[in-house]
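As written, the chain order gives the labels A, B, C, D, E and F, with residue 1 at the start of each chain.
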Amino acid sequence: MPNVEVSGPPLSDEKKREMALEMTECAARGYGLPKQAIVVVITEHPPQNVCVAGRMVCDDRAVLTED
Amino acid sequence: MPNVEVSGPPLSDEKKREMALEMTECAARGYGLPKQAIVVVITEHPPQNVCVAGRMVCDDRAVLTED
Amino acid sequence: MPNVEVSGPPLSDEKKREMALEMTECAARGYGLPKQAIVVVITEHPPQNVCVAGRMVCDDRAVLTED
Amino acid sequence: MPNVEVSGPPLSDEKKREMALEMTECAARGYGLPKQAIVVVITEHPPQNVCVAGRMVCDDRAVLTED
Amino acid sequence: MPNVEVSGPPLSDEKKREMALEMTECAARGYGLPKQAIVVVITEHPPQNVCVAGRMVCDDRAVLTED
Amino acid sequence: MPNVEVSGPPLSDEKKREMALEMTECAARGYGLPKQAIVVVITEHPPQNVCVAGRMVCDDRAVLTED
């Protein structure tokens, strides 16, 4: 605690590691706490479970980059 | 944003699409925002991970319809 | 269970009631369960706690309608 | 409702059942409500999706026991 | 991490303390981890933000005890 | 979408703005998406609602820096 929960499309393990470490440092700076206190959890949602702007990501991945 | 997170048992892709589109319209109406602003995420929980009224859904799916 | 969590800007009690009832019916239809099973929770986030597209909602509420 | 969401590493079905039943009783006591009202959902995160203290759990599971 | 998120109606500070300590022990046992690893967060939702079985808790608190 | 939810103790508006902008850039880089796609929501939990390592943050704020 503090916790950072990131929800998005699937990512490679290497991308998850990089992003989680950056988020840890960002949260530690923001709260003025040592990075030992920070937890980051990444949840990967399949594109058939996410709807942006009334369109399923599985039907039209471009919806993620348009908005 | 606004975001709608729906958590429940697994659903077919067709049911998820229908429900997500309806939830998008419902949220757009509720907030008075265009549906372009709305994100819906559906999370499917396996029945061995959900406990309702002290009974695991994997042991007794009827617990979902009784309460 | 199933649960619907809606996160967005503050709303009037009347708007919350209307939206929650509609979401309940939508989820009951989607899951093929009686509406007795459905829980809807609305969380209202103040505009200084939400950032869309790199802009805080408190600085520029239009960011909600543009994306 | 009330709801208890537990997020952690994967567990056996038997461990999930035991923990969910205990959490149900604990929440029922805490809120002074019958256990019929309580929902517990357990989410299992793979170790390559969780970062504690700036270290991915997949790289060093000991990070869970140290903090 | 692991994390326990409890969502329900408002509680007294004393009830929150008791429940959080019990949940900590329960999660530590369930995961086989020291209680130093466990975080419990309680979120209190006002009754006009929660809808159970198609009824707002602010309109009819009994809906929490019936289901 | 993607979404970043940050949960921690209360922060000043200026700290929230700084952290949200950094998290936005970090998520945009991680997902390879424009920052227009990213939503960050910060939730502030009062210290009497958070329990770390079996101690309430309201009783002993040091528990946040020790773990």
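In this text, a residue touches a chain if its C-beta (ideal position, glycine included) is under 8 Å from a C-beta of that chain, and two chains touch if they have at least 3 such contacts.
Because the structure is predicted, anything quoted here is derived from the model rather than measured.
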| item | value |
| --- | --- |
| Farthest chain (mean CA position) relative to subunit D | C |
| Chain whose Cα centroid lies at the greatest distance from that of subunit B | F |
| A-D against C-D, pair bridged by the larger set of C-beta contacts | A-D |
| Where subunit D and subunit E are represented by their mean Cα positions, the distance between them in whole Å | 13 |
| Distance between the centres, which are taken as Cα means, of subunit F and subunit E, whole angstrom | 20 |
| Sites on subunit E at which at least two other chains make contact | 1, 3, 7, 16, 23, 36-37, 39, 41, 50, 52, 67 |
| Subunit C partner contacts - residues on subunit E that touch it in the complex | 7, 45, 48-54, 56, 58-59, 67 |
| In the complex with subunit F, residue positions of subunit B that touch it | 1, 3, 39, 41 |
| Footprint of subunit E on subunit C - complex, ascending | 13, 16-17, 20-21, 23-25, 35-44 |
| List of subunit C residues in touch with subunit B within their complex | 1-9, 11, 15-16, 18-19, 22-23, 26-27, 29-31, 33-34, 36-37, 50, 52, 57, 64-65, 67 |
